[in-house]
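Each chain gets a letter, A, B and C, in the order it is written, and its residues are counted from 1.
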Amino acid sequence: MLLEVEHLSIRFGGLLAVDDLSFAAEAGQITAIIGPNGAGKTTVFNCLTGFYRPSVGRLALERDGVTHYLERMDGYRIARDAGLARTFQNIRLFAGMTVLENLVVAQHAPLMRASAFSLAGLLGLPGYRRAETHAIEKSCAWLDRIGLLARADDAAGNLPYGAQRRLEIARAMCTDPALLCLDEPAAGLNARETGELMALLRAIRDETGIGILLIEHDMRLVMGVSDRVVVLNYGQKIADGPPDAVRHDAAVIKAYLGEEDAA
Amino acid sequence: MGTRVAAALKDAALAGFVALVLAFPLVGFATNDEGGPSLAIHTRFTWVLLGGAGVFAARLVLTVLRALLPHLVKVGRSNSPARLAGPRRHGARLFGALLVAFAIALPFLPFSSRYLVDLGTTVLIYIMLGWGLNVVVGLAGLLDLGYVAFYAVGAYSFALIARWYGLGFWEALPLSGLLSASFGVLLGFPVLRLRGDYLAIVTLGFGEIVRIVLLNWTDVTGGPNGIAGVPRPTFFGLVLLPRAPNGGATFSQFFGLSFSPDQRIDFLYFVILALALVTNAFSLRLRRLPIGRAWEALREDEIACRALGIDPTRVKLSAFAIGAMLGGFAGAFFATRQGFISPESFTFQESATILAIVVLGGMGSQMGVVLAAILLVTFPEFGRAFAEFRMLLFGAAMVAIMVWRPRGLLAQRAPSVRLRAAAVAVEAT
Amino acid sequence: MAYFLQQLINGLTLGAVYGLIAIGYTMVYGIIGMINFAHGEIYMIGAFISFLAFLVLGALGLASVPLALFAVLLIAMAFTAVYGWAVERLAYRPLRGSFRLAPLISAIGMSIFLQNYVQLLQGARVKSLPPVVTGGFRIMEQGGFVVQMSWLQLMIIVLTVALMAGFSVVISATPLGRAQRACEQDMRMAQLSGIDVDRVVALTFVMGAALAAVAGLMVMLYYGVIDFFIGFLAGVKAFTAAVLGGIGSLPGAILGGLLIGLIEAFWSGYFASGYKDVSVFGVLILVLIFRPTGLLGRPEVEKV
């Protein structure tokens, strides 16, 4: 079990945004969290990534044999030590920096180690230079994979929307995560781009063996790519299982009340 | 066309009228202070009318310009990412090299004089201060309004170390830097979680607290009188005085030259020039290291940084520490150049001035800071009127720059790593 | 005890002044989320205009003190309000929507500009005015120390209370006040509801400036001296007051002003007065670090 969420609850003042949620995400699988707007999906993400502190619950992420309890960790430690990488609903790229720089920044932790608090870097020692070259190569490999190698030196903010989405995913992957969390990655993408995204996600899952957790509204993507679907409504889990089972679940259909995408 | 002209005139008339109203009380009336304080007033209504007319004309010109050259005069709304500098950096690099060559040659040029070298020294101090603040504000995006505190710590720590432990400039310099850096961390800690506006105000508060402490802690800092007798730097142990205080050779004796006070002036100039060049190399290098990139990423989006595993605390503190250290070096040099220091030199005005340099030069741009510092320091030298109007114009310029070109006059952000260049490096290894 | 009471009176007077300036900070922050760094200079300009107005009226032969006070009050409020309007129009409005640091830097530039503007036009020397409102009354006597309150102190406190009460009424009961509160909550929605946001923001600045002018007038009468630099220190202290009370909250600004005034008065009454400004800065730093929402403010939750 890669990620185990147990009895997660979070309260904002009088509002119980997430109510006793438990589910699991496996490595080598794509798990989707769906539900109507306001169901608490992004709130769950924010709890996982350290932006909110849950009122109750345990979030256990296992990486390299070590279990990390995310509910007690600082945001940046969750990314760096526990290996949970995330993309955002409103893309958060470093718009003023280049495409390449965005990916190199993601490899901050290993580069910092190699530069020995910048001393090795300042002196231009070969150990650091090797690390930097490796980081650039890795970035280029990802850029090639998402088709942005030709635009490596362009400002990230100048890319078209679909490219920015892909870049954000590539950036998250450059942190060598154990679990990749994607917040509505298909938002704003057209059908073709969504298809490409689905292929990318499947490729990541199959080649790297990491787990992917995603929030989505686009049912074609969810049904087409997920190994497991968790359905939330008003902060509570109302279904949890393979896509086909969830699709025909009575409670889920009721919650969506005919909003189900017949894609 | 007719309606547009009418609208433009109406708009300009409104502006002119507002200017008249604004000018009426403060321009129109003044006390007769020439002989001494008095309560008699005289009027300056012609100035008021001139002011109104001037604003009317300026507004009209602005409207015309905006109609003719729309992209040039576009105002505000600059959330667009900074323009990135293209690969043709040769021009900029050549210019930089020429500037350095000029700087090195300055004392020896035929039109040079003691006054000019002195001026150059002041310019270089401000350049160093600007580069130091650039790390904090320009790269890391932390608006520090109390930068003068580190300048002061550098100056006072050097003066006190020299007095208490008898160390010379070169020995005390690294200690001053270290102390300033520590101070930077100390001041950085409380502001870590603060947002932009609050961070600015708190750092301003720190700057003022430092100044007030310097002013009142007379036992240690000498209070308003400051500290005198700060030792001058030596040239590998040779003093630049007519006679060596403890026996031993002086600079002029060693080199078989007749003593001239110009030698010390020139030497100080070269010291600060060397410090500045080292600072520049250091800053440029840091920018290409992970820490430099992390500073810029932090400025762009702190939340994204956290999501990538970057510890914002450590990054912010390192920005403060490095920025403070550079400010401290500048402060130590300032102390040794003047021979004495007092709290008067470390007011909020200084922080605002250094900020103006960084802002006008384009936050993050090394060359921009150089040009802005040259402009700021040499401006008052052109005449009395310029001296009086200097800060007024700089305040106005800060507003104008933010409204017109928020990224500064020269800001074209050069990426810290470039694929084409990197590809060459990859092949080479 | 008597000494304490005297410091209390002094503190309340000072606090009233800070409260008036603090309202300007808190209102602007509430509506556009930015610190109007130039507000301290607006206060200073109010003081100068009051000073000049007194001289002009005196030169014109106006002898009645109450009439002069009233006239100067109106004149100062009117002209300073225009300055407040101009500052918003030039330094803030074009930057609405720009990156975070831009309005702050612009405000700092405006502050530097205004300070030097006044310095150049009116001279760098301190301006002094002979006492206009004199006299007072004793409250009590204890052990040879007389606790007294001057008419001026009473006037300041009463006028401030009246202004703040009037102001609260405007905010809560008038259409402008409602529009203002709507803009504070959600500017885009307010705009879509048909509210002229530009006008509301401009009026906010204008009102803040008018109150700052009153503070300037009071300070000029109270201390008898002004110079172009008073805006900086008073500005920071008033901002501290606004933050202490809870930025964005009107009663908070008033409360904060009183507290800061009291802190300053008691500090200089009982400790070394050279460090009295440090006490205020210290309060500012402690509040911003440990309780940035202040005493009466609402906490902000950052949306990710």
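Criterion: contacts are C-beta pairs under 8 Å (C-beta built on N, C-alpha and C of every residue); 3 or more make two chains touch, one makes a residue touch a chain.
Source: prediction; values computed, not measured.
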Two chains sharing the most C-beta contacts: B-C
Middle chain, criterion being Cα centroid separation: B
Chain centre separation (subunit B, subunit C; CA means) in Å: 31
Subunit A-subunit C separation of Cα centroids, rounded to whole Å: 48
Rounded Å distance, subunit A centre to subunit B centre (Cα mean): 42
Multi-chain contact residues (two or more partners), subunit B: 303
Subunit A residues counted as touching two or more neighbouring chains: 51, 88
Residue list for subunit C, restricted to those that touch at least two other chains: 304
Subunit B contact footprint on subunit A (complex, rising order): 49-51, 75-77, 79-81, 85-86, 88, 92-98, 100-101, 104-106, 108-109, 111-112, 115, 118, 121-122, 129-130, 132-133, 136-137, 140, 149, 152-158, 171-172, 175
Partner subunit A, residues of subunit B touching it in the complex: 80-82, 84, 282, 285-286, 289-291, 293-294, 296-297, 300-301, 303-312, 413, 415-420, 422, 425-426, 429
Footprint of subunit B on subunit C - complex, ascending: 34-35, 45, 48-49, 52-53, 55-56, 58-59, 75, 79, 82-83, 85-86, 90-91, 94-106, 108-118, 120-123, 125-130, 232, 236, 239, 243, 272, 274-275, 277-278, 281-282, 284-285, 288-289, 292, 304
Complex contacts: residues of subunit B adjacent to subunit C: 18, 21-22, 24-27, 29-31, 33, 37, 39-41, 75-79, 141, 143, 145, 190-191, 193-198, 200-202, 204-206, 208-209, 212-213, 215-216, 303, 348, 352, 355-356, 359, 388-389, 391-392, 394-399, 401-403, 406
